[in-house]
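We just call them A, B, C and D in the order they show up, numbering each chain from 1.
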Amino acid sequence: MTILVDKNTRVLVQGITGREGSFHTKMMLEYGTKVIAGVTPGKGGLRVHGVPVYDSVEEALAKHPEINTSIIFVPAPYASDAVYEAIDAGIKLIVVITEHIPVHDAMKFINYARMKGSIIIGPNTPGIISPGEAKVGIMPAHMFTKGPIGVISRSGTLTYEIAYALTKAGFGQSTCVGIGGDPIVGLDFIEVAEMFRSDSETKALVLIGEIGGNLEEVFADYVLKKGYDKPIVAFIAGKTAPPGKRMGHAGAIISMGTGTAQSKIEALTSAGIPVAEKPSDIPKLLARVMKG
Amino acid sequence: MTILVDKNTRVLVQGITGREGSFHTKMMLEYGTKVIAGVTPGKGGLRVHGVPVYDSVEEALAKHPEINTSIIFVPAPYASDAVYEAIDAGIKLIVVITEHIPVHDAMKFINYARMKGSIIIGPNTPGIISPGEAKVGIMPAHMFTKGPIGVISRSGTLTYEIAYALTKAGFGQSTCVGIGGDPIVGLDFIEVAEMFRSDSETKALVLIGEIGGNLEEVFADYVLKKGYDKPIVAFIAGKTAPPGKRMGHAGAIISMGTGTAQSKIEALTSAGIPVAEKPSDIPKLLARVMKG
Amino acid sequence: MELYEFESKRIFMSKGIPVPRGVVIERIEDVNKVTLKPPLMVKAQIPIASRGRLGGIVKVKSLDELKHVVSRLLNTVIGGLKVRKLLIEEAVDIAREYYLSLTIDRVKRKPVILASSEGGVDIEEVARREPWKIIKHYIDPIIGLRDYELRRIAFKIGLRDSSLIREFMSIARAMYNIFTEFECELVESNPLVLTVNGRFVAVDAKIIVDDNALFRHRELELLRRECREYTELELKAREHGFTYVELDGEIGIIGNGAGLTMATMDLVKYYGGNPANFLDIGGGARAEVVKEAVKILLLNPKVKGILVNILGGITRADEVARGVIEALNEVNVRKPIIVRLKGTREEEGRRILSKVGIPLYEDMDEAAKRVVELVKGEGSGARS
Amino acid sequence: MELYEFESKRIFMSKGIPVPRGVVIERIEDVNKVTLKPPLMVKAQIPIASRGRLGGIVKVKSLDELKHVVSRLLNTVIGGLKVRKLLIEEAVDIAREYYLSLTIDRVKRKPVILASSEGGVDIEEVARREPWKIIKHYIDPIIGLRDYELRRIAFKIGLRDSSLIREFMSIARAMYNIFTEFECELVESNPLVLTVNGRFVAVDAKIIVDDNALFRHRELELLRRECREYTELELKAREHGFTYVELDGEIGIIGNGAGLTMATMDLVKYYGGNPANFLDIGGGARAEVVKEAVKILLLNPKVKGILVNILGGITRADEVARGVIEALNEVNVRKPIIVRLKGTREEEGRRILSKVGIPLYEDMDEAAKRVVELVKGEGSGARS
């Protein structure tokens, strides 16, 4: 078992004819992901790496009702429209790769998706990979391998780095979920951890956080209060990073001193989650907690 | 059994300190309806006919969590805000007496209510009465009496007229629902008829329609297609009325010749629903169909 | 309230929707100031769907012909309405006529876009005969209209050129913005013309705004003062807060609630009379309103007798009775008046009316029968 | 992007929110044109929260004193930023200081209103010590803000007078409209002053707009050109499409992806070095971008050595390698450069760099260790 994507995942690529959409369609196909169709308005009838292109999601789904997942490469100004189209068409998992989507747009479509029962991953996510089953994202696949570790990350390349370290150390991954690097994302650490909780294949979690926001602190609090029956290790990037933009008094009132690497590391540690000093330490830590 | 309101109905009156709100609070109390609380912002702490007044619905519900129904007497410009307040507070049945609410407002709060699982009756409705159980509305109670007839009406005073005729002829009513006279209303004939379908106390329906829109035709179509296991008689007002405002070609395209008294009478008759020539004929018709 | 075509077009223009170049004239002399390039369209500004068939739209080939047509049309009566304004526009070279509108669907309780590549005067015929040629798209009123929906509509009405699709989308978006901003019941363009130059132009524009929302739109409410589709008496009725529509019959009807009022009219007809009007005093009317309502009917010479049918809930019978009497005191016209009153303070109402010899009827059927008899001269007994 | 206080106040004013009467001056001479009535507040226009404590806000009692203060403040440096503009405003008679703001809550994924009757400089202290004094209300971003919510907030911060409640509601509504119309990350007024005359005045105003939404707000994008919180190099970096923030250390860092770049900085620190910057070339960067990034670090004299850490997914190693070499060719400065490259076209990248004697590191830890050694002069081997 894995979470979110697996062998039954049937993918629609929105923005398939663009540079990135087309390139990663090829990469996903090479990985074995079932990419069924693509959408680019006005390009209906084309084929991209053998995948048929349609003018609208509605048309694509009429022809390929088995589609259950969409990955979005549409440029930021048009991305939210593409997300709405996917939600309204009833697609239940939507992976939004696009970065620089205006935060008010993201906030709206994420709330709308929730209302309609769709899951949004991202925006600004590298996507999801369940090694050996399906990759719905842009990560370099050779750095990932099948195994018992669930990975949840706010980062892109740092996830690849850590996944690669895990792979080299013999820790394969059940599913790696990039929740997205934007301030507002569709799923947070807790929601993904809940999915991993009931995934029998996942034996331990790696959580990759970074400075800003307080998703990590909220997650630590959740683990503390609700407990988590699988070992977790974490890494937080940004100990030496410049302080983030100050969002007026409101930002300070809401964050209440959270948001720094130190606050996150302390919160996680207090919740019994060991935090690695550097990415290369994660496999060691993992070996320790999985034994213990 | 009755539908929508009964002995368990606990009523909040929004706009309780206004002329109409206050008068009908008294009338409802006299009828035996459990009016628990009222809301008028800025008038918190007052009492109206013994009913405590609060500044907000939230406060009223905090003090009286048993409230399950709201009746709204707030003037049109502020009515939709009051409806939202009731929906957000989780009140599941909201009776909107106010007339002249802008149709875009009504459209939005009706869709919103649906999303949140609340039922809107109205706007521009006389309300609901389950004789002997509860009256959440402005109808003159003495014209109604308990019995086996369910009444669904788009009209106000005409409903009283017909209910009175029924009462005089010995046909008591289970519940009378004024769905509201506005172009957009929360529940239509079909939805109320569905409720009556599973109400064992209701043995027959009286449907009171009028010209404009096509709710009656749509209802006739529903009875024709889905069947209805209780006898129904109808009355349609407006055979001699001036034609309604022409809503451009769009109105004609949508209505497709429906909307006139003739079209409604034909549709109902075709669906096996006898239509009374005048209100005073309804009891006779009813006697006939209930025997047959 | 339906706006005049030229008012609608001004709003269209302000939102960036292309309309033909044009001017509005109210006096024949103004025709000399027209600098538009013929051929021109002369369009009577009256809110009647059939104005084209009734001769209210004329194409002219020259400025000379324009003068001729303007002097013929201005201040004449078309479809019962006086033509006070003419819109004169440059004719457009039509490649194809589209149809595009936004309105509210009562059954779905949602805004709906209607679009078709077969626009023009026969659009309703198209709807009947080839309904699949009209695209009907419902809009979620909470989330609003998204671009992908417009794009889908554009594809469905057969647009393929991407710049034309963009133009269509921006016009439809602007019409939707008008629809929501001004709280319209209808925003319509028929035809929305695709010119031979490959541009879209809204050759006709129709906006109907929701009267109930006018309090939020001062700029529109000002337009309301002008004489529109309402007669003077109808306008006066609106001021007093009741609804009045004139009809052809001889029996004046006053009721409370639209349903009851209509049922009363139907009953009069059933018993052989003909209603002269629809007059709904609404809920909870005071004596003052009833008085004004009765006065309107007393003063209307076509009305030979009056039937007042009030079923009190909010409305109090004593207020109604007082209103009737005040009207009779103020107006020196006598006509048969039949009053049927039931409900709150019925007895008090009966007492007030009996003083002036007006009997109260209990039963609606009897009241209707009686007024018909009286008007037909077959009876007597009511005050006259 | 954070707007200047005076820009925020202009937007507040345009939406009907009362602000103190004031003028902006950029030259000392302009002080003579000031016609405001003392006492006055002189406020340095710099986006720093602590400007009050740093002497950037001064109250003056007379126009003479004003001249003195203006010439003291203008063009000085406060908190590292040059004061180019001063906002001069009439002081307000304060009865009470409120706090009111709109921002986005990441965890709830919704807009949130924060309001308090204990506004002013100590608001964060209030939040810590008496959190119940700050009302936090989440807004449904789809249905939007409804009046009843504002009314509830008004009651909760202790307003009772109905005209004051109305005024508060209309200010909060206007701030919400700014928040949504301009797609803000923050709209804040602290203090929102209740004057002794019983009116609300936004004595401070702060607007932060979402940079990602600027393409929809031309009017705001124009403001961006001006030097703001960014240094010149940071602005240059933005033009080239990467993110660059200067720090105090001596080791220049280039990474792709914010997480990896930060992790690289942390690693340098872990091995005893100090990062001179954060520089994220983003995803899929071409040689041109890499070149500009490397050039910025080569030209920064504080940078003693450079660590490039690229994990290719979208980013191609050969493009990165080419970018490094082009930078070295264009700039005549030599510093130790350590390159760690993994991923797409790794071999091609290695080949290109080996030609100029730059070795490729496989391992991030080793690369970080090495660059620290080199900068500390304990090693050699990299091109210098």
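Criterion: a residue touches a chain if its C-beta (ideal position, glycine included) is under 8 Å from a C-beta of that chain, and two chains touch if they have at least 3 such contacts.
In this text, all values refer to a predicted model and were calculated from it rather than measured experimentally.
Trainee: Would you kindly count the fewest steps from chain A to chain C, each step being a jump to a chain that touches the current one?
Mentor: 1
Trainee: Everything stays put except that chain D is ignored; which chain groups still touch one another?
Mentor: one piece
Trainee: Looking only at C-beta pairs that count as contacts, which pair of chains has more of them, B-C or B-D?
Mentor: More C-beta contacts join the chains of B-C.
Trainee: Can you work out the whole-Å distance between the CA centroids of chain A and chain B?
Mentor: Result: the chain centres lie 49 Å from each other.
Trainee: Just how far, in Å, is the C-alpha centre of chain C from the one of chain B?
Mentor: Once rounded, the distance between the two centres reads 27 Å.
Trainee: Where the centres are mean C-alpha positions, what is the separation of chain C from chain D, in Å?
Mentor: A distance of 55 Å separates the two centres.
Trainee: Give me the residues of chain C that touch two or more other chains.
Mentor: Residues 142-143 of chain C each touch two or more of the other chains.
Trainee: Which residue numbers or ranges of chain B touch two or more of the other chains?
Mentor: If we look for residues of chain B contacting two or more partner chains, we find 108, 112, 115.
Trainee: When you draw the chains as points and link the ones that touch, which shape shows up: line, ring, star, complete, or other?
Mentor: Shape = other; not a path, cycle, star or full graph.
Trainee: According to the definition already given, which pairs of chains are in contact?
Mentor: Every pair of chains meeting the touch criterion: A-C, A-D, B-C, B-D, C-D.
Trainee: So in the complex, the part of chain B that touches chain D is made up of which residues?
Mentor: Residue positions touching the partner: 41-42, 55-58, 78, 81-82, 84-85, 88, 108, 112.
Trainee: Taking the complex as given, what residues does chain A use to touch chain D?
Mentor: Contacts found on chain A: 20, 23, 76-77, 99-105, 107-108, 110-112, 115, 126, 138-140, 143, 153-161, 164, 181, 183-184, 188, 208, 210-211, 213-215, 218, 235, 237-242, 245-254, 256, 277-280.
Trainee: Please output the residues of chain D touching chain C within their complex, sorted ascending.
Mentor: 142-143
Trainee: Flag every residue of chain D that touches chain A in the complex, lowest number first.
Mentor: 2, 49, 99, 101-107, 109-112, 114, 123-124, 127-128, 134, 140-142, 180, 183, 185-186, 188, 190, 206, 208, 210, 212-213, 215-216, 245, 247, 255-260, 262-263, 265-270, 274-275, 278, 282-284, 311-314, 342-344, 363-365
Trainee: Across the complex, what residues on chain D touch chain B?
Mentor: 143, 146-148, 151-152, 155, 162, 165
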